[in-house]
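Handing you this structure, nothing more for now.
Letters A, B, C and D name the chains as they come in the text, with residue numbers starting at 1 for each one.
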């Protein structure tokens, strides 16, 4: 923080430790040698097929204990989609970022981590709704924000034309 | 026991106590809830998509519209996320002003939460209006600072939009002088009330494990006894310079959440006292260009909003507008385990439990 | 003892009966507006505006419509300056970014119209508004100002001392 | 008074049955007018009082101090469209708001406003009140059932469960009074109170039980679960609008007034004043007591949250019923001993406190644990 205020009491500055990508990769590679495909400074990119196993391991391993899924979302990079998992360990006060990439724009699927964290239920439904990424293994994968039959997935970069007539027709068909 | 055929009741989207447009499809056996399915999206306005077409500065007023009861916290979160992304640092006075605004906002938001919770329980008379009166005073202060009562657009990347006016400090001090006494009075009015206890104690119990697994945050998480407050655990702004405690619940029932909010109001007042005392002079804003172009990269910033952990995940491609603008809405995740909380309770409990979650549908649907 | 909590609550409520009501009788007794109050009624100074359209670019919803055409002296004549209040969300960004302090938030909020297009405020409307908010206009101190204060020695927040009209003459 | 005038004038001139008819009609019209005017006044009082409790002004636009507000309300609500939703049982749906008015009005028939001024001075006044009071649930169920709405039906079901439960402690609490006064006649009860002191003092336990049980039948918070606007939208009258709704609305207030009148008759000495303030006419005293009680009802409504249905049932069966049975036994013993009033008061008051506290302590084992919850943990524990 810029400048110091001498009048203020000074406390030990606790901060959430951001687990570096290399440390995370090392921890994962012990049990899942082929899971990590790329390592960044604060994140690792995982193979889609390994995500459930890795997440379960990260949650249950006592020295990692990422017991809290802070966020799950996706980003459209046009060539590929990236599903981003933000993990927190409340006991150790540490955070970690996992990523999974889906190449292409059709038939995207990432195994669901609902079995590991309950929080993934709604978050994966949201990603499914707005990005069209399938999550096999999800107990109740339906659209959550938009109605069933809504044409397209709005948060994709190619969702440009917002044609009211198409949507109205889809809504009517649903009725 | 006599059982009737289960029947389906739509609670909401237009219902007095579903806080906006939450719709619950309840399967009931008489008064007992057999199954519940929340239906969201009635307020969906695709704000995340909208943000992708705005410059970083323009994203701030749109975040006001998400959690409209705690717009200052929304502004703070997005400002911190953009600063993280673009490597901007706000001056110290701005950091203090941000803390003051965020804590005032927490007081206002919790006052409102208590008021509507009581209304859901049926005490629609006095207590509701007393809490709204206190909230009104905070809104007056906000109006004085930034000209608006609900959608502030005050906290910006690089600081705050304007310095506080000279009458701001006396106004906050006046509020801090009168409010605790009234809070004591309301606590006497409410927390000892036998009916309120009967309605809340042991109702909607969330275990520690469920709270963690379901991604609950804020009073929902702390009500279940998990000691996790980002102001302590990962102090953003200058929260590490203040002495305050984190109230924790015991069982995780509605009463715990209700009381945790009460104590959080008190702790916020403690922080406010210290922040006003330490408020340094100086600049309130780092000069930043109107169109910020952060380097390509991503930033995830969590803050402790009144409703829980509010997160912003920004991805920049180096352009003027964010490539991806994701909001981790606390209310959205707090709704995630309704089935576990509601099944087996009665219709009256549904209202109490949903009230104790303190959802804001603007944030859930985004 | 059981019932004491209920009784205490009842007494607290009874005490409030004797207090003065907190609400105001609105049409007769208006709430005093704070100086920085952001109202819908924008005010605009034609003398000072150069037609740079920074405000139009800053507006998140594109409420502001500006059409200019060049004058022989190198400046611009502002043909159209429309603000569509129906789209406006009163964020105040247009006022903040104005480099010449030509645009002001207004201090009125009671707007209603029967048709959507009546919500568009034109150049002559916003050019003649009387009450100006002090939002981002520190020269007003912290009070709702009337237009007269605009004229004369108004020091802008950006330090430009004289209005553009004088520059024009010079 | 009018009746006396009629009797005096026409006695001997007209046949007796005609005089009886005439007095009956004037009395009935008088009571009806009283009840309706009370309902109008009640709307104003409640809105104003709750306004002040919520630190607002309350109605103050129509007429001086908003006194004409109830009339404006009435005009507005009658002017609204009368909606008959699809799929309702039309006859029952239309009949319910008319029927609901009757029990509330009938209660007024046996209440003595002043010495000799009861419309129906029957010997079984107390029984009549009980019988008519139980009738009140019928139209509520009619409305809920006919509305073809799940919320309405749930409201109606709750209403029945609640009324049936609370009828029992209500009746039992009255037994003690009858035991003491030795009569079912309302007027005798009042005369007994004037002689020996109010039943509120003589039998505080019975008074409390009656107050709670009677307010439970009024569907007002804390016991308005059959209406419960935050749970059931509006309960049994969700589907009603316009004039039909206004009948429900007016009846609610008439009902509160009927119960207030009953309580002031049964427990507050009716028209009796005590020796000091005897100059004021008896009827004024009676009406003043009734309005005061109405204000108490408004007060509780503005303050308290609502109970859940199972808690409400449990309260009736586990708390009020045993206490009222014990109360009857106590009163029977005291009547047999024939003690002076002050002793009866002392014994009853002490026993009431002991009983309430003891029984409540037995029932609520949960309450104690809440007190032990500490929300700010000391630093070491964190």
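We take it that a contact is a pair of C-beta atoms (placed from the backbone, for glycine too) under 8 Å apart; a residue touches a chain by one contact, two chains touch by 3 or more.
Note that this is a predicted model, so its numbers are computed, not measured.
Participant: Between B-C and C-D, name the chain pair that shares the greater number of C-beta pairs in contact.
Facilitator: Counting C-beta pairs in contact, B-C comes out ahead.
Participant: Taking each chain's centre as the mean of its CA atoms, how far is chain B from chain C in angstrom?
Facilitator: Centre separation, chain B to chain C: 28 Å.
Participant: Nearest whole angstrom, what separates the Cα centre of chain C from the Cα centre of chain D?
Facilitator: 55
Participant: Using CA atom averages as chain centres, what separation in Å is found between chain B and chain D?
Facilitator: About 42 Å, centre to centre.
Participant: Please report how many Å separate the Cα centroid of chain A from that of chain B, as a whole number.
Facilitator: Each chain's C-alpha centroid was found; their separation is 23 Å.
Participant: Going by the touch rule set out above, which residues of chain D reach two or more other chains?
Facilitator: Correct list: 53-56, 302-304, 364, 367.
Participant: Scan chain A for residues touching two or more other chains and write them down.
Facilitator: None at all.
Participant: Where in chain C do residues touch two or more other chains at once?
Facilitator: 2-3, 6, 9, 13, 16, 22
Participant: Under the stated touch criterion, can you name all the chain pairs that qualify?
Facilitator: A-B, B-C, B-D, C-D
Participant: Please give the residue numbers of chain D that touch chain C in the complex, ascending.
Facilitator: 49, 51-57, 60, 299-300, 302-304, 356-357, 360-361, 364, 367
Participant: Touching residues of chain C toward chain D in the complex: what are they?
Facilitator: 1-3, 6, 9-10, 13-14, 16-17, 19-23, 25
Participant: Per the contact definition, I'd like the list of chain D residues that touch chain B in the complex.
Facilitator: Interface residues on the chain D side: 50, 53-56, 150-151, 154, 157-158, 221-222, 224-225, 228-233, 301-311, 364, 366-367, 370, 373, 375-377, 379, 382.
Participant: Under the definition above, what is the set of chain B residues touching chain C in their complex?
Facilitator: For this pair, the touching residues of chain B are 54, 57-58, 60-62, 64-65, 125-127, 129-130, 133, 136, 140, 143-148, 151, 153, 161-162, 165-167, 185-186, 188-197, 290.
Participant: Inside the complex, what are the residues of chain B that reach chain A?
Facilitator: Residues 40-41, 44, 46, 48-49, 89, 91-92, 95, 210, 212-215, 226, 228, 232-235, 238, 240-243, 274, 277-278, 280, 300, 302, 309, 311, 313, 315, 323-324, 326, 328, 332-333, 335-337, 365-366.
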